[in-house]
Amino acid sequence: MAAVRLLVSCPDRPGIVAAIAQSIFKLGGNITQSDQHTTDPSGGLFFMRVEFTLREPADRAALGAEVDRLTHAYGMQIVVRFAEERKRVAIFVSRLEHCMVDLLWRWKTGELPMNVTGVVSNHPDLSSVAEPFHLPFAVFPVTAATKQEQEQEILACLDGQVDLIVLARYMQILTPRFVAAYPSRIINIHHSFLPAFVGGRPYEQAAKRGVKIIGATAHYVTEGLDEGPIIEQDIVRISHRDGLEDLVRKGSDIEKAVLARAVRWHLEDRVLVYQNRTVVFA
Amino acid sequence: MAAVRLLVSCPDRPGIVAAIAQSIFKLGGNITQSDQHTTDPSGGLFFMRVEFTLREPADRAALGAEVDRLTHAYGMQIVVRFAEERKRVAIFVSRLEHCMVDLLWRWKTGELPMNVTGVVSNHPDLSSVAEPFHLPFAVFPVTAATKQEQEQEILACLDGQVDLIVLARYMQILTPRFVAAYPSRIINIHHSFLPAFVGGRPYEQAAKRGVKIIGATAHYVTEGLDEGPIIEQDIVRISHRDGLEDLVRKGSDIEKAVLARAVRWHLEDRVLVYQNRTVVFA
Amino acid sequence: MAAVRLLVSCPDRPGIVAAIAQSIFKLGGNITQSDQHTTDPSGGLFFMRVEFTLREPADRAALGAEVDRLTHAYGMQIVVRFAEERKRVAIFVSRLEHCMVDLLWRWKTGELPMNVTGVVSNHPDLSSVAEPFHLPFAVFPVTAATKQEQEQEILACLDGQVDLIVLARYMQILTPRFVAAYPSRIINIHHSFLPAFVGGRPYEQAAKRGVKIIGATAHYVTEGLDEGPIIEQDIVRISHRDGLEDLVRKGSDIEKAVLARAVRWHLEDRVLVYQNRTVVFA
Amino acid sequence: MAAVRLLVSCPDRPGIVAAIAQSIFKLGGNITQSDQHTTDPSGGLFFMRVEFTLREPADRAALGAEVDRLTHAYGMQIVVRFAEERKRVAIFVSRLEHCMVDLLWRWKTGELPMNVTGVVSNHPDLSSVAEPFHLPFAVFPVTAATKQEQEQEILACLDGQVDLIVLARYMQILTPRFVAAYPSRIINIHHSFLPAFVGGRPYEQAAKRGVKIIGATAHYVTEGLDEGPIIEQDIVRISHRDGLEDLVRKGSDIEKAVLARAVRWHLEDRVLVYQNRTVVFA
């Protein structure tokens, strides 16, 4: 028995849900979870995520034919995913370990359904921390002058064998060329409540502004710095007692939690992107 | 154009969603929101709330026929609601005003889509507080000896002209006979995080136990005291600094918020009850 | 018996707490609450709020003498407040009622220890809403051309008889001259999680950016728009389902809660300002 | 320079703070943090935590003399702690790793200021998980019949060389004799929002009751099961979508966070116990 997920996007119009549900019924599928969203009841965009079980995993040809039919008949964009096909994930880090360790631990205990292919870093510092997880740890040093070249080497190393890149406090800004190679497939954790405190040193900025709450934001990476579609955010309360090191410590826990949720939702095909925003069928 | 809501419950089996969606399509309806839940992927219960717009509000006969057909063909229980038919609500209070005032204010400003028919109390104290809202304020004093009689009078006063009763800190325990007259149609706010601190004086109990968080719970009233299906809960953090009066004050804000959310979801037909639990399609 | 509060600010150095505590002991006072904060253990600023009971309320001369002595001996700035002297508060509104109604209700039920002297508005719209509270409701229409003049009229109307101005969604930007007349005595509620979404239409900005959490911020008003010292912030989670009107509705509840907490803390002399930040001894 | 902490408990009366502050001043100490709490302004208990720096760490004799003097003059109970003397901690586990791994990771990265002396378990399962932390991992199997004996062996193994025991999901109930050996020095994490769902299988209980929020509670262990003084609690929101395994997963994150905060506060001497409650000077 295979668990199949369809991610559907199209202009809203009557009959869409009936058509999709009818196709799944014809395939002998049983819907186990279904979510939909219409951006505007009077003529907006329609998004749907439907998960169903198919008795015959081999019967993908019939599924493909139905998807083709729906695509042409309704102008739908349909992405088909099989839950059993785990996504291949590369984790990028620099010198801070907490997000990397948290993801690897959730992976190793089976909480996150992914295949981690390796860790990429611009520094060798964390290789010993990653060691107990028995993963390739590839170091690509970088300077302002060598960034183009370094990114080319990383792309060559990934070799298209990766479905998702997670920037787990990777302190480098990726070039548009790199980003374009993995559209909506690079998740970054930014250690502030975006759009507050874009860019560098957000905890210092937060301490200076005297905010009473700090946050973290997981988003897909786009060309604009910290401007990509937000997947998840969360916050923690602080007070005048908390110095910069307290902000870093409290914020670290939020970063881990937010990033883990965003990665989970991506892995489970729960995130759709439109107009620089996300629909999260969590 | 009418906004129609179907609330569907039945044993899960393939084809249900297709059948419902097909019926709506045949009726010319456009689905604007749809949620479903299956309690157990391998043979559980299926719940669905689907909201759609019908061009012809007069065409209720066709809708009724489709609902009948689905009911018989699939063993579905289907409740049909029209958004434009606002529920008639009676608010029960005793001597504490905050929940009543909050509900009435949200009603008057149009935030809660309901028709408040009046306030019922076992004390006259709050009549002047309710006065600016220009509502009937009916006082039914009660003692242990007169409870049966008092409830009969209230039932007679309501005269079946009420769709929902909200116990906005009504400090009387309703008898099973009264509860039976309004099944899943009486919402109570309990000032604790149920099942902690069932019964009387939950804030005193919380202070004595030394908890670090207090809460409030909105639930449908059943025969068992504070044991009905929970609709919504929320909490607020406290510390050793907070005395009993602080718990009461901080708790009051949570009571208001939780009750308002539960009432809103009930009014919008977002709550389904099964096995003493709720499915909330919020 | 009088409840006295001292708010102390000075450069940190050994012996300060001993000196203050000794003075209170000499006065026969019993400390009921005491909080202190040092910005930097190695030579920063020292802040203290100490609340104590004095048996002889008439004995203010002795208190004054002790405060003078401490002021000169340690270079302290000391503010003396008596809990029984309730602050006089003017509430400024425009057309949105929720914050005003919430504050007035908390005032009328005794939750907020203040004397509301009246409501000031640039529109007459809310006068009927305020009517049940039996307060002066003064309307000062304003245009870009008449702002200076209008503010002069408001200042004349307040006549220095007000200790705190609360901008309860007053949609006018105050001129520096007006702000200078009430330094650290004007509290504004901004309907975003500052510094995100400064300025106009923050809910629209939030919807456009696709954030997953919205917030509200209470701050003292300074010359810079939305840049004054933050007193309190809070947030509420939203999703792709929430349209602009949902953000407004959910945000309204947070605005009310945040503003009420900030006003309470100010009324209880729990907020100290330094370097555009606040120390809140809550 | 030594950082000293005094934890003071005594009946409230005027002059206490002055006496303590004066003593610290005489010792040449500079107060860096100070918190106090009076349970009842009209004659309750007084608690204080004061942290100060002493220039002469060797001058502990003078400190001891001052503490003795205060103890006798005011009937104070005073505990003296030096921040540099890290507490020795034993972590008890059974088969679930998440709390143990989280604590060990926070210890290894320096976030938790403690010396972990080893891990104690009634099962060998987690020894390989603990292996990268290079700690003694002692296995003491237990049955109902051998519990007394097993506990004796553990006590012998600890040999009084441990300041704190953390039950990081140790699934055994300790006997009163064991508990008496470490009064207010055993912290347990219970995977529910106490007092809701005392005892076994709280997540199952929560799922059955249909709550909308689950929680975790860190408390000192006393004779009564799950009845000891609560140090910290936190919650996470759930919905009808969350099955038992989701509750376990979401709850695990809360367990880790709550336990880490409680342990941190204990290590920093921020928790005082009275009447089965805690004062937490966080």
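By written order: A, B, C and D. Residues from 1 in each chain.
Here is the rule we use: a contact is a pair of C-beta atoms (placed from the backbone, for glycine too) under 8 Å apart; a residue touches a chain by one contact, two chains touch by 3 or more.
The structure displayed is predicted, hence computed values, not measured ones.
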Worksheet item: Tell me which of C-D, B-C or A-D has the interface of A-B again, with more than half the contact pairs shared?
Response: C-D
Fill in: Chain whose Cα centroid lies at the greatest distance from that of subunit A
C
Practice prompt. Determine the centre-to-centre distance between subunit C and subunit D, using the mean Cα coordinates as centres, and give it in whole Å.
Written response: 37
Worksheet item: So how far apart, in whole Å, are subunit A and subunit C when each is placed at the average of its C-alpha atoms?
Response: 41
Worksheet item: What part of subunit B is in contact with subunit A in the complex they form?
Response: 12-18, 20-22, 24-25, 28-36, 38, 41, 53
Item to complete: Would you pull the subunit B residues touching subunit D in the complex into a rising list?
Response: 37, 193-197, 209-213, 215, 229-235, 239-241, 275-280
Worksheet entry | Residues of subunit B that touch subunit C when the two form their complex | 97-98, 101, 105, 109, 111, 132, 249, 253, 257
